[in-house]
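The following pair of complexes shares a single chain, subunit A, combined with subunit B in the former and subunit C in the latter.
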Partner chain A sequence: MTISTAPVSDPVATDAPPAPTRRRRPGHAREWWLGAVLVLPAVVLAVLFKLVPLVRGVVTSFESSSGFGGSEFAGADNYTRMFDDPMVLTSFRNALLVVATLPVWIVLPLILALLIHQRSPGWKFFRAVYFVPYTIAPIVVGIMFRQILAPDGPLNALLRFVGLQPLAIEWLNGRYSALFSLVAVALWSFFGLGVMTYLAGLATIPEETLEAAYLDGAGFFRRLWSVVVPMLRPTVAYWSVLCASGVLIWLFPLIYALTQGGPGDATMLPEYLVFLTTFQFLDRGYGSAIGIALFVFVAVLSIFSVRHMFTEGTRKPR
Partner chain B sequence: MNPRHFARIGRYLLTFALVVVAVAAIYPLLFTVVSSVKTQSGFADDPLGLPAGITFENYLEAFRRMDMPRLLLNSLVTTLGGLVLSVLAALLVAYAVTKLRFRGGKVVFLLIIVTLTIPSQAIIYPLYQTVLDLGMSGQYQGLILAYAAFGLPLGTYQLAGYFQQVPDELIEAARVDGAGHLTILFRLLAPIATPAIAALAIFNFVWMWNDLLLPLVIMGGSDSKTLMVGVSLLSGQYDVSVPLVSAGLIVALLPVLIVYLVFQRQLVSGALAGSGK
Partner chain C sequence: MFRRRLAGALAAGMAAAALLTGCGGDDAADGPVTLKVLTWEPGGAEYWKQVKTSFEGSHPDIKLEMQSVPFDKYPEVQGPYITSQSGPDVMANNAGLELFDRRGAYVPLGDKAAEINKDLVTYSGACEGFDTSKTCYGVPFSYQGNVLYYNKAVLTAAGLNPEQPPATWDEFGAACEAVKKAGKTCLALGLSGTFPAYWDFPEIARNYLTEDDIRALLAGKLSWKDPKMVSVLGKLAEITTKGWANKNAPSITMLPDGADIFQRGDAAFAGTIISDAVNWEAFGKALGDDKLGVTRWPAIDPAAPLAGKFSGIEGAVYGVTQWSEKKQAGLEFISWLAGKENGELWVKYGKGQPLNKTVDKALLPSSPAFLKIQELVAQPTLHAGVMLSGPEADALARGWQQVTLGQLTVDRWADQMQQALERSPTKKQGK
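Up next is the complex of A and B:
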């Protein structure tokens, strides 16, 4: 995250190094060695705990290795099997349904941040309170919400109290209400981080800019739409990145605590299926294949974000 | 109705909306606190209301069942180790990539942030295998290194972005004054980037302390398992009452809540200073 509020434009062109100087000045080689030493720990970490497992996962995904026995090469069997496996297909369909809620994840915290940014009385209090759910571990959140969402729990008591009797359902026991509840609980747990991120972005918009727009006769919504939103674009992009690459991952502990994938396969998501297949059914080859499919799914979702981060991180400030 | 009335009604609506969200944000926590001080029969009689009397028996029982001191120690060691290592490695990379004439720096930078797209769930078994091969399964260092690796991409990205803003002239001036690279990094750049480092440290603390999958798989049922693994095991026991689980939950979430409340200012200013890009 950087401070500059310069619009994100033309990032690739500025990337190109200034005409390379062929003549090496003394000290260059030493700086290279120093650089290599400095990046070593990070590279070792990234290779050892991310890339090596990824490659091993790819290798394992082409093997059939169930139970405690050895493993043998199985070609693309695990992959073709996935396409005939209703559980896998459902899990990815559920994942798509979850991804479809991303706009809510992006817009809701933005609205709340804008409301807090109005600096009405007590805004600091609200800012502090909204972040509290994020500090609570997702597994703890999941176990907590078992009670909140219970058929006779406080949520349904409230709904009955305000006369919305028909809405007081068994939240975790319906085909769609279970998945909906999971996403809602995840949103409860993460929206505070979004609000904080947006508030940080809002703080970079100079008062004078808004003042000028105000003096030019722009109303509240006009200022919001024509000044605030465009200047906030980098923050929106950053938060979208985080949500897109994170939303599926964030659900794992909640599924673990709340639904275990059920009822039936209503809340089965790829990340939980990988866990089940590998550690409960001990089908490592198949589990790895589903894991690789999940990796591709997440990578496609977040490839734009990585590109954005790369150009941001290597761009020279103007 | 004149505009001033209109504005005032707007204010009321705005505050009302903020209050509703605040109640929704805090109520589940309050509910859990209240449940945790009820007796088992008290909860069965009236699960939603305020307790007739306050008991701390559930907390004592939770401590008895979970070997709480050991779990707290495990969580503390792995979280602090992971966050220090992760921030340190990110600092070094960010410096090398942004401030050194270091060919290949961009490739390294890309390599590290690309790993953001590899979720732990997708590679969990091969990761477990790798940790096992390194002889680190059930060991502090296994989880610490894994935490550090998973915290690396965002940390590197944030610090690189921050260093990018520091003018190269400043570095040049320090070099002319005879400062070495490590001096520049730790005495000049790190202090400038303190807000970003603080925010990053708090962010890492929260997710590492709260993570379930990595400790579940790397630590398993060993004595080195973290608090979150302990809590998930407790809630799975068949004879556990809601008040008892609630007490366990409160103990598990309290450390992070305290860290947050103590460092709230740093978190906000860090987030502000590094405002999202």
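Up next is the complex of A and C:
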């Protein structure tokens, strides 16, 4: 018997995956190019209609313009000016008050969607009716509610009729009642979209899970908080992002038709101030600076939800 | 080979298209030129229909394409056109600072201005600094200004003499108390938007300012903290704080909401204008010509030099846009607007006050209110409202809303007005 001293091949090495080859699979490059070509139109559109206007807005915000004449570089003047402008400060304060109503925007449609989803009496009717306000153009909604909220309008007539005379106030005349009315009208106009969004999310929850919770004796709110909300987290996050940005950029047509930012500055929000400054005061640079400030404000508000959605979306299944 | 032929055919096609469109120069030679006109249709749709028919009839080489926008939405539509330097060939603006604000959008008329001016009662409002020797940017054809309309039936029901409307501030206050006791609103008012600046402010300002002051206001050289200006704001505030106007005034617009209150017969007075919309003709139709009275706003200080004058201004001014490729046709159209033919259409269909002196007097309406207005306009002065910049007009309306609701003092309002003046880009330009 001879003992060989020749090196024995490493058994581990045979189990290891083969070293990556430098050569790509023959179809790989073609697939990559095909993917790029398919994505290209979307990238071009995004650059043209999102990135370019944004960059243009940023550039304009550093310019000073007089009326419709030429413009010149103004450094950060437009931005520093905002801190001394009471109208800008009030508009952002009003924006914060509007943002404070976000829980209502998120929870109310969820409850209504759940009631529809569990086939409460009349669910088919309500499913259709809730969505109708969303289909009415916001400018029409604004004009409509100007009449409804008038001191002698139908809302106050109804309140007086049912004996709630003290509640029949001049809705659009008070500092806080005007802002509250604006938000309430916006909620009326948009909650149908929230209901639809949640219904789409609810459709992904297995019936058996909800039934099991029901059979285990869980009531409506227990099922809501312990079953529905955890399983609906991605949808809630999506709707939250939409609302957080939406309450600050959806309201323009309603402000325009309903209050024009008044009385005084009671319903002045940054998006309306951007419009007013740019097109009525003819101060394009300053209007752009307020617009960029609004963009940052909305981005900061949305970033937490977007991050959460990204984490959820990229988490690998266990 | 085929590709080469295709490329050749495409190149030839493109060259032909370029010749037909771009290289045709100003005003295409083949076929009529179509002029796009941005207007809020002062005088009403019927008048503008007549303008189109008459002008196209006498100018077969030019067609008019009207883009009509409601007056209170007009700046929002026009602003983006001007910012992007594109859009209509001819546009309208109110004479005064509104036009000066936008003068960069219009072609200066040069020598043509004098030719247009020769038959007009007045023309300065279309020119820089209300001075016809300076650059003029457009053409007016109507005369505009403020009066106080009143409903004789409401005054009678309140125990007042409809043939002797209140002439002083104190008499107006007393009349308002009587009207309120009779269950009606005294002054129909809407404070949202720019109407307070155009329609109410000049009527109070006449009692405190001279014409030089008004020119200083235009140039941005009259401080809002000046005691005269604070007094003007104080008297404006009195209108609402003394309860003379409808309670919802802060949250409604004057047009249509405020005017509706008067047209429904629910208010004794409405301070509006003499031409275009909400004038003697519209109110006469709603209330009856025999029920409609018209007077000057009550004098606060009857001894003030301008207290007995009429705040007059040329109405809408039409100019040719800088970016128009049909400037010659545009100029022809606006020159025609100032002429006798359009002046007579304006009287007949627009029911307004013509600027052209050669208009046939037999065509003028016989309404008692119109005839009274003819008396009032005979003593004109500068219109202080059209001297305000966008930020000033906005701050005037918002401040008045807040003062009415008890959220602001008059002194603080004056501070806000001064801040608005300081951030008015167009007034900075004048300094």
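Everything below uses one rule, namely that the second predicted complex is superposed on the first by the 269 of 318 C-alpha atoms of A that agree within 3 Å, B and C clash if a C-alpha of one lies under 4 Å from a C-alpha of the other, contacts with A are read in each partner's own complex, and residues count from 1 in each chain.
The rule is short, and it goes like this: a contact is a pair of C-beta atoms (placed from the backbone, for glycine too) under 8 Å apart; a residue touches a chain by one contact, two chains touch by 3 or more.
Every value quoted in this text rests on a predicted model; they were computed, and no experiment measured them.
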Which superposed partner A:235 touches (first subunit B, second subunit C, both, neither): first
Partner chain(s) touched by A:295 [first = subunit B, second = subunit C, both, neither]: first
Partner chain in contact with A:43 - subunit B first, subunit C second, else both or neither: first
First, second, both or neither for A:177, with subunit B first and subunit C second: neither
First (subunit B), second (subunit C), both or neither touched by A:259: second
Which of subunit B and subunit C A:284 touches, first, second, both or neither: both
Subunit B versus subunit C as contact partner of A:132, first or second or both or neither: first
Touching partner for A:275 - first (subunit B), second (subunit C), both, neither: both
Shared subunit A surface residues [contacts with subunit B and with subunit C]: 275, 278-279, 284
Subunit A partner contacts - residues on subunit B that touch it in the complex: 11, 14-15, 17-18, 21-22, 24-29, 31-32, 35, 47-48, 85, 88-90, 92-93, 95-98, 100-106, 108-127, 129-130, 134, 145-146, 148-150, 152, 156-158, 160-162, 164-165, 181, 196, 206, 209-213, 217, 228, 231-232, 235, 242, 245-246, 249, 252-253, 256-257, 259-260, 264, 267-268, 271-277
Residue numbers on subunit A that touch subunit C, as the complex places them: 65-69, 81, 85-86, 150-151, 170, 172-175, 178, 259-265, 275-276, 278-284, 286
Subunit A-touching residues of subunit C, taken from the complex the two chains share: 75-76, 79-80, 82-83, 101-105, 191-193, 247-248, 250-251, 253, 389-391, 394, 397-399, 401-402, 404-405, 407-408, 416, 419, 423-426, 428-429
In the complex with subunit B, residue positions of subunit A that touch it: 1-4, 28, 31-32, 34-36, 38-39, 41-43, 45-46, 48-57, 60, 112, 115-116, 118, 120-123, 125-141, 143-145, 147-148, 152-154, 157, 188, 192, 196-201, 203-204, 234-235, 237-239, 245, 248-249, 252-253, 256-257, 270-272, 274-275, 278-279, 284, 287-288, 291-292, 294-295, 298-299, 302-303, 305-306, 309-310, 312-317
